[in-house]
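Each in structure tokens, the structures are laid out below.
Each of the next two complexes has chain A plus one more chain, namely chain B in the first and chain C in the second.
After this line comes the complex of A and B, so read on.
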């Protein structure tokens, strides 16, 4: 019988990524408790990343700044530099690409690598992992941890549950040892189990991954549908997904969501933000040379305990990349579905992207002139910045343009 | 009360008014058909609050009254076994007994009090009367171009513009435009315009017959069409119709004359490979040759037709469906097409007839 080649999948994770980048940029921070933290005056005053030294004091990602100060009075707060983190992340990808051509970023600080075909070039998977870890430390000064598995799930579990605590920063799971290593772990450690699911499992008496694995697959499917079945598969280390580089997959939509600096209750203010976001999304569609057919509007209510808000979409009469054509629909969706309660976060997306050309010409709209105007405005903004040319509404209270310009993910670039 | 009448006649009445039955409505009574028995007449009425259809037929019966018939009765009558139908209606408890051949139905009708009746006996005088067959032909050439997309309400209508001895019908969905002029020396209209929902005209096309006249009576927010025993009223759209006639070019850069049927078949074949929302096919005209081509992710094809060409060579991309629509409704042997270079409109005309034009905007490729 032919031996099926065992796949070699790595998940590489950067330790305290933002904090490590800050330390690498400023060596005087080395060995000190550092927390990357947004502006405490606004909503962003929470810890985005904490260095190993800070974590030792109990500082956790997501904790508010004042709490960190209490845990560790001499902690050093650093403002986030999002563009730098993106640059570092791309550099890390470049390093990974020296080991395999199959690299898929999973998040800014986690990337999947498929070394099935190339590990032997470096003397085997363990040696390849060691070489990667060393190279990233040498070149960027960041500690990288690698979990290895026969599929992405095993790699993720190996990394999160073992490699992070292992002195060699590497751990291997495979079909033979998966059960022995993971089944004794608490159920919350299983990939895909969040707080809510953990509570559900505890209520059922399922406390470890092994308990879950011992249940019947069909029973989980009955309880939670496909997601329940997926968790059962995760407990058994089974994952049918493969590592595909995304280069071939076309982009399906452009979207933008933002958490507001405070809760917005006045419709005029929310509509200004919706308008600004529509402009941003249309700008991004234009930059791709695409037009969208479907507009999606999303608003989340302010009250965490009593979730409200809506998420609705509608088709445009014809594909568009112009705020003047898209915004009326955005506003209509908002006015139709908003329940009048304060809003905490809003989002807009344009999907079912089609090429800008060919385009069916129309009798009524002056698309040609609008396109020329958009092109000119885009060129000005590209050269002189997003705030060089703007709509007057962006000067009204509640407008976010001047606040969000120059930010990435809501933090300073 | 006892009614007896031929099944065909009853079926005609019900099938006709069915076109105005709402598919689902929040106003319960209008989901039914109103039957009124007065003197020597039976009147069937249905409404969806935008259109009313009403059919009035002579019938001898023994008493008067009104009742709501459940919509199921349309199908029930359609499937009755015999050529004659006897219906016994009790206006006290709204029970309906239908007998035809060996088949007996009992239906539960309803109280007609809440049925909204917009029909009035003093309808305005008609301003126009035409042969049904002629009017049908005209509508078929116009209505298809109106938009079904509800985001631009004005384009859901067909504009009827009356002035002096002329009527102009205009329909457009912003990508194409039909203008049909009718001229008759005997007419003398006051200037007026009516924007009639294309949806209503599509229903009207389905229920109009071939013989007899049809009259048109507009009145404030409604237009009433009367033909045979049918009374068809529709709300008119109050949107302002944009001035689209201005886009019709007076000169042409290229003009071709070609055989309509051959052209239609050719476009149908090319359309099989057209894809996406644009359904683009390619026309190339040079040296009295008319090439129809298409190239898509499915594959490509090309073929050529004979044509007589005036003016310069031209290449243009156009939606295959838009071209098919016009070629299907015309009956003439030949068709004339004016081109205005690659991003200008294509104007389809009937040779020797200036009263009809169909304009299509092309697809811009780069």
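After this line comes the complex of A and C, so read on.
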């Protein structure tokens, strides 16, 4: 019988990525406790990444700046430089492409590599991984960890649960050893299990990945539908996912969320921000040549201890990419679901994107003129920046346009 | 099979829009490089190239060059005005005025008739 070729999938993860990039750019930081931290004045004062020296003091990603200072008084805070991190991530992609043409970034600091057909060129998967790790260290000064598996899930588990703790910075899981290695791990370590799911499992007496694996697949499916089934498969190291290169993977939606500089309690202020975000999201949809069918609005309450807020979506009467058509629905959702309590973060997305169609004949509005106006405005903003042409509401006190322009992911570019 | 089972990583992927568009630009550039990769000219072709060039210089005969650059493939027809081997350049007089061609980008030479 012909042997089926085993797939060789890597998940490569960069240690403390933002902090490592800052150290690579400024070698005087090497060996010191460094935390990349947003601006505390604007409440982005949480740690985005901490160097391994900072982590040794107990500094964790997501911790507020004051807490880090308490844990490690001589910690060095560095402002984020998002565009630089994107540039480094792309350089890493280029290095990976010297080993395989199938590289799929999963986030800014994690990328999947399929070396099924090319690992032998480097003497085998383990040698290829070692060569990649060395090259990234030599060229960029960043420590890369690689998990290897026969599918993306095994690679991800190998990286998160083992490679990060291994001195070799590499770990291999496969169908033969998956159970032996992962089943003793706590259920929260399984990919796809978040805090809420972890609590559900604990209530059922499922405390390890092995406990979950011992349950009936159908029972999980009955409990949580396809999500339950997916977790059962993950517990067994079975994964049907395909990793597509970016060109093949269609973008599903465009969205935008932001933490507000202070808690907003007045509806007018919140609506201004919602409007600005609607414009931004529609601008991005137009740039992709897409229209969205579904609008999603998200508001999170200010009080961390009593989570409030809502997350609701609604279908547009027809696909659209203009704020004039999308915003009324955003506002309706907001007015319907907001409980009147202060808001800390808001988000909007347009999903179920479809190719932009020629304008349908519409009796009630002058869509063609509006589209021409949008196109002209887009061109001006592309050329002269987002603040070159804006609505007057963006000058009102709560507006965020001038604050968010030139930022990436809510942080300084 | 449910779509979710095939796309758990695509669904959970976190990509900044700015990162996504840089990647797209990078991919487009790679594809372009692959598409317009310069063929390796064999010796015979190079010799023919030399001969045609010399004939064109000596007789003032028109020449058609196929040039492959980052902008794609194009053809230029004209008579040789100047040869600048040290700069790797060739100046042609064409119907549309003078044109400078980088010799490294020439992949085919034919007579201009």
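Operating definition for what follows: the second predicted complex is superposed on the first by the 318 of 413 C-alpha atoms of A that agree within 3 Å, B and C clash if a C-alpha of one lies under 4 Å from a C-alpha of the other, contacts with A are read in each partner's own complex, and residues count from 1 in each chain.
The rule we apply is simple: contacts are C-beta pairs under 8 Å (C-beta built on N, C-alpha and C of every residue); 3 or more make two chains touch, one makes a residue touch a chain.
Worth saying up front: this structure is predicted, and the values here are computed from it rather than measured.
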First (chain B), second (chain C), both or neither touched by A:354: first
Of chain B and chain C, the chain that contacts the larger number of chain A residues: C
Chain B versus chain C as contact partner of A:241, first or second or both or neither: second
Touching partner for A:319 - first (chain B), second (chain C), both, neither: first
Contacts of A:153 with chain B and chain C, given as first, second, both or neither: second
Touching residues (chain side chain A, partner chain B) in the complex: 293, 316-317, 319, 354, 357-365
Complex contacts: residues of chain C adjacent to chain A: 1-2, 4-10, 12-20, 22-24, 26-27, 30
Complex contacts: residues of chain B adjacent to chain A: 149, 151-152, 172, 174-175, 177, 242, 244, 247, 276-278, 280, 317, 319, 343, 361-366
Residues of chain A defined as touching chain C within the complex: 82-83, 86-87, 89-90, 93-94, 97, 105-108, 112, 152-153, 156, 191-192, 226-227, 229-230, 233, 239-247, 249, 251, 254, 284, 408-409, 413
